[in-house]
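Below: the structure, in structure tokens.
A, B, C, D and E label the chains in the order they appear, each numbered from 1.
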């Protein structure tokens, strides 16, 4: 639910301002420079570092964690000279749709890292891909990409010898693959709900299922956007994405597809669980109604017979007034009558297949 | 609901007539002339003013508030020489779909300013974009665009140095961004309904939810049209829209997308709230039925037993006639019988997991 | 519902025969000849008139009302030399889909005039548009187009100075605009149903709503075809439709869109009314069940207590046999017991929020 | 339901074998040769006849009824030299989708003749269209195309003077038009169900409706395929289909469209009938519940009062013990009490608008 | 349900590792070399065999069953020199979507062999199609393709004389045709459920139906992918697929279409069965409620009357106190009263058409 406020209509575009109500995180700049042979790394890079490495041949990966320090972002922009103010606004606002915008000498990519699918937490990851650099920005201070830096440092594989487009692929692939642990978690949740639902159908479970289903709808919309955005990258006709990387992006798209497929399966399961629940509730209501009807149908005539023989007509005044009361076997007769009625009723229910 | 009447079929096209049943507002013409360096402004411009500024180099923004004075509109048309009568009819009728019509030397744009999403009030905003002017018309007398004029006057940013296409973008962006406060309001309404629904499910809430959902459907249809119309502007091959402005229009399209996404989320929430309500109503009915059945199932046999011992068979006439009545422990025996039946019933319900 | 029979499969194509079961109307031919300056009119034109005017420069509008006289149609065809037999068959059968068929030297247009949306009555209007003539055919004898002839006679506006393509536009525009009074009528019907539904939900109203919804589905399908067919006219690459008329056709398409939008709104309203009705029925059932359960739950124990003290155990034989009956305050005690049970029950219901 | 077995996976393609479980019909070959002036016909043609007519100028129509004699088919194939084995397999298996396959020197067309829509019986009609011949094959021995041969023999119209493509059109048109009697039959069935449903809603009718709806879904899928396949013929770029025939095929497509439209209307009606039935069932349940509740609510208090005055407290032991029993007007008082309770109840129900 | 874990996000691409939790099968390599005239076969081929046959003219079919021995796969890759690491990863992971990836000198095809549709078991089949070889890999050790090898060995037909693209077609055709026995099995299951549902509607059957429907959704998604992937093969512009094979692939696509059509039919049946079940449950509930209401409505007044005459008002104290008790025909009168009430009730129910 969007508690952050949007800027009032009519605000000028391209303003670098934090949305009111959004928590900001302290900024930290990481700089990694590498080519096929060597790699240099600055964990807390300064603007001077950026200036120093800027024109050095090789791939520069600038990674900004946390957006508290907007001046830093503006200065970086001045050094890198210069991203479109609308792109920078998208970075700071953190609620741009997943997309790929081509500004000819750089590509601006917005993607999201979903960190929780049940509570739906996500974070915008923005990428500026240039010819020899990647400038990536994340909203929070959490270090998501340690594992990627590790891989880069190890120097194994082709990672280090590829350009910034391959680095971009690696990050997008990371974002797509981050869906799988969430989806596995989701699958376990649904299976757990299924088990509980079959043991004892309870209305609260459907509320949970409905909520899960809603999140799945949301996740699916997001995943389709992700797929679409990778498609846009593949269709990009500029020279920023090399043929070699395209094959990897295609693989990444397959992964997105797999995630969508999993999600669709879970949605099917959730939907059929809700249907099963509804029909089991219906069954239960039927069963309850049947018990009620059987009990009522059996005891109402019996109580009526007992009521009749409880009437106080004066037997002594007339032979017509309840002579049964004075019969020698009056009471056994009345009991037999009741048993007879009961047996007839039971046969009736049997013929109706009520039990 | 359309209380205004449509012109009878067969009416000639291009008639400038107020739809019967529509309230009109007094007309007021604002004229702003600006170039990169200076800006002149006439709050109650006359036709003479328009004539005077018409051929002066720089951007002319003519803004007409209120459509009561149709002669004024016709005279303006004569001076600006000349818009298509069908476009003018669309302006006056105020119920054209959101669209972009390209008349080669000007573009006619229809958009809507939604001022209330719950009650669904909106107003048509019509724009004629020429090479050096923008002629914008709104139906009501309310001054919506103060904030834009402010930005223009301040002269900060690029606003003043851009052409009328950028001004057009600014207005469309204003219209799109006007959705967000409405949507936030909507979100609060839905959240409020959710809270009330979980505390005490009440049928009236679903009626409110259904009405909200209907408005959302309407809003979504409108927003898709808005998105589509911006797309048409982006695809426009004429020279009226500059490359520089296109990037801003693309951003505007992202905003429209964001609004649609919010709306979709609210729709999901509203749908699942209705489903949750229905299943909680179902649960409640089940619970009520269970209580009824338990009570009836327990008390019917008991009342029957009491009824039996209330029969008036003459014990003195026969040892077979209700000898229990004369037992020393007859009454305790009957009470014990009742307790026994109750216990058996409770065990039965327990085994059925009814409580 | 199609009571008219279709020709048996295997019938040769292009047969001019009235569908069995269709009521036919007497034929009447109107001929209007006009150019920018003058206009001549024959209300009951003969074939000779058609021959006479055939080669005269200017626009010829032949309008055939009623299809009883098929020979007349065939003779006209011979004079106008010659329409495709399949097109003529479509005219006579009167159940062709809304469409635009381009036969290079003329365009064959099928549209429908819906005269009642609630009972769903419509009539096929067929148009043959040539370079200097329009041949229009309607099924019934009713004079639908008086208003158009009036406009033509008045000579005001551009109508008279335009070609037959503009005349075609005028007729299509008339057909599209004919939807609006029907839709307004529809809107009033739905509003009326809404009012009645909120006052007293009644099953018969849903049947009416379902029927309206079905008609709306049908209307929507037809309107989409109309929109599509205007699109086909706009896409037509021949020289029969002039650029000037295209703008008007585009406007006509906007009107069709408006009609679809209105219809969609009504559909949303009808759907949510049905949902509201269903949930109010559900509520009512719940309420009824609650009253039943409360009454039963309160009175069953009370009746049981009264039953117990109505048992006839012999108090004189044993101090254990219903000593309460001999208590000094036995009766008040039993009444107090009943009141006590009632109060406990009421508290229980209160705690369950049943009232 | 497919009781015929499919060939096991891994079977070689192009095998000419009857599907196990399919009933086969004795084969009979008809040969018609015609040109604009004359026509020759062999009702039980032999392979020698085929050889004889093969190279004679004019149109050859070979029609094979029944597929029992596969050798005949193979020999015909050898003489006509030669169709693709996969196409022949499709012919023999009789379950190919409706389609148009272009093998450059001939077109292979698969269509279906639906003979019963309620029970869903259909039969595959396969056509091989060459430059001067049409080879058509049907599965059963029934003579479907007498009427077409009649038309051909009569020599009236253009039929005889056109090529085999026109003959192909005639057959496809026959297949499409065969839908209409079925659909009319369908419409009567639905109308009949509607009448019965409004008189007395019965669960069995919904089962029938559901079954009809399922058949309609199936029919609609098939009709869309038919429409699509005619589209493919129209898009065919080879020289086998002449321009003249295309116009007729377009008309045939209109017929398919009409059939789809009818089917859609029936589907709408069936759907709304089911909805109406469900809501009338709901209404009835409500009504039943209301009667039950009213009866129970009125009689439970009354029975309770009667029960109270049936208690056996000893009035002689205490003035507190049911003094009412000894009142002079005790019994009328108790009856008045009961009447009073009943009146209050009735007012309560009135205020709740329960009747 | 995916119990196998996905590799953690950020893992390098192209890793050849078994997914944790997946059971692996021992590897076995089959090599078949053939040309139009001769065929050689090695059932347990070694790397040396592969080396030996590698450059020999003719078609080489390498088939790897079981993926336990990843070194074997890597060595094969080295000899065949070389497939893309991402493709190899897809092979080993076994959860790539059904697809066709064109790597210019070979085509990588992923398809699935569904071995059980009810429990949903499937297995990935991966194919590398080169100019003179096909390298196929299956996950399990089961020998699926015996029948294909048989056909190849028999040398009949065109199989042996075609290239590896025809072999590829044969395998894909096998995979598609494998759906049919499963679907037939499915159809029997659904028919069986239908029979049981009509005899005795039971909630458990709907659960089964829901589960089947879910599997059908899954199967349909997969079949559409299969259809799409064959489409991709047909659209492939490289020289690896010959024109001759394309016709066979088109036939294979028809088969996929047939399977989808069957699946759609089963889905329709399953859906309407569920609807029928729900409405029969509804009917039953109605019937139960009616019996209950009839019983209650008849016996409540009767019991009330009996209760009244069971009251203990002292007849001796007042002539107003229940004089009926002392009437000569008091008891018959009361019984007659009861019978009268019952008859009135029965007439009332009759008029309401309750039985």
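What we mean here is this: a residue touches a chain if its C-beta (ideal position, glycine included) is under 8 Å from a C-beta of that chain, and two chains touch if they have at least 3 such contacts.
Everything numeric in this text was worked out from a predicted model, so none of it was measured.
Chemist: Once the contact rule is applied, which chains count as partners of both subunit A and subunit D?
Modeler: Chains touching both subunit A and subunit D: E.
Chemist: Quick one: superpose subunit C on subunit E by CA and send over the rotation angle as a multiple of 5°.
Modeler: To bring subunit C onto subunit E, one rotates by 145 degrees.
Chemist: With touch defined as above, tell me whether subunit C and subunit D contact each other through largely the same residue numbers, more than half shared, or through different ones.
Modeler: Counting which numbers both chains contribute, under half are shared, so the two copies meet through different residues.
Chemist: Nearest whole angstrom, what separates the Cα centre of subunit A from the Cα centre of subunit B?
Modeler: Inter-chain centre distance comes to 25 Å.
Chemist: How far is the middle of subunit B from the middle of subunit E, if each middle is the mean of its Cα atoms, in Å?
Modeler: Measuring from centre to centre gives 41 Å for this pair.
Chemist: Two or more other chains in contact with one residue: find those residues in subunit D.
Modeler: 285, 289, 292, 296, 300, 303, 307, 310-312, 322
Chemist: Looking at which chains touch, is this a line, ring, star, complete or other?
Modeler: Shape of the chain contacts: a ring, since each chain touches exactly two and the loop closes.
Chemist: Going round the ring from subunit A and on to subunit B first, in what order do the chains come?
Modeler: A, B, C, D, E
Chemist: In the complex formed with subunit C, which residues of subunit D make contact?
Modeler: 145, 147-148, 151, 156-157, 159, 173-175, 177-178, 180-181, 183-184, 187, 191, 247-248, 250-251, 254, 257-258, 261-262, 264-265, 268-269, 272, 275-276, 279-280, 282-283, 285-286, 289-290, 292-293, 296-297, 300-301, 303-304, 307-308, 310-314, 317-318, 320-322, 353-354
Chemist: Which subunit E residues qualify as touching subunit A in the complex?
Modeler: Subunit E reaches subunit A through residues 1-2, 5-14, 84, 86, 89-90, 95-97, 99, 101, 103, 200, 203, 206-207, 210-211, 213-214, 217-218, 221, 274, 277-278, 281, 284-285, 288-289, 291-292, 295-296, 299-300, 302-303, 306-307, 309-312, 315, 322, 324-332, 334.
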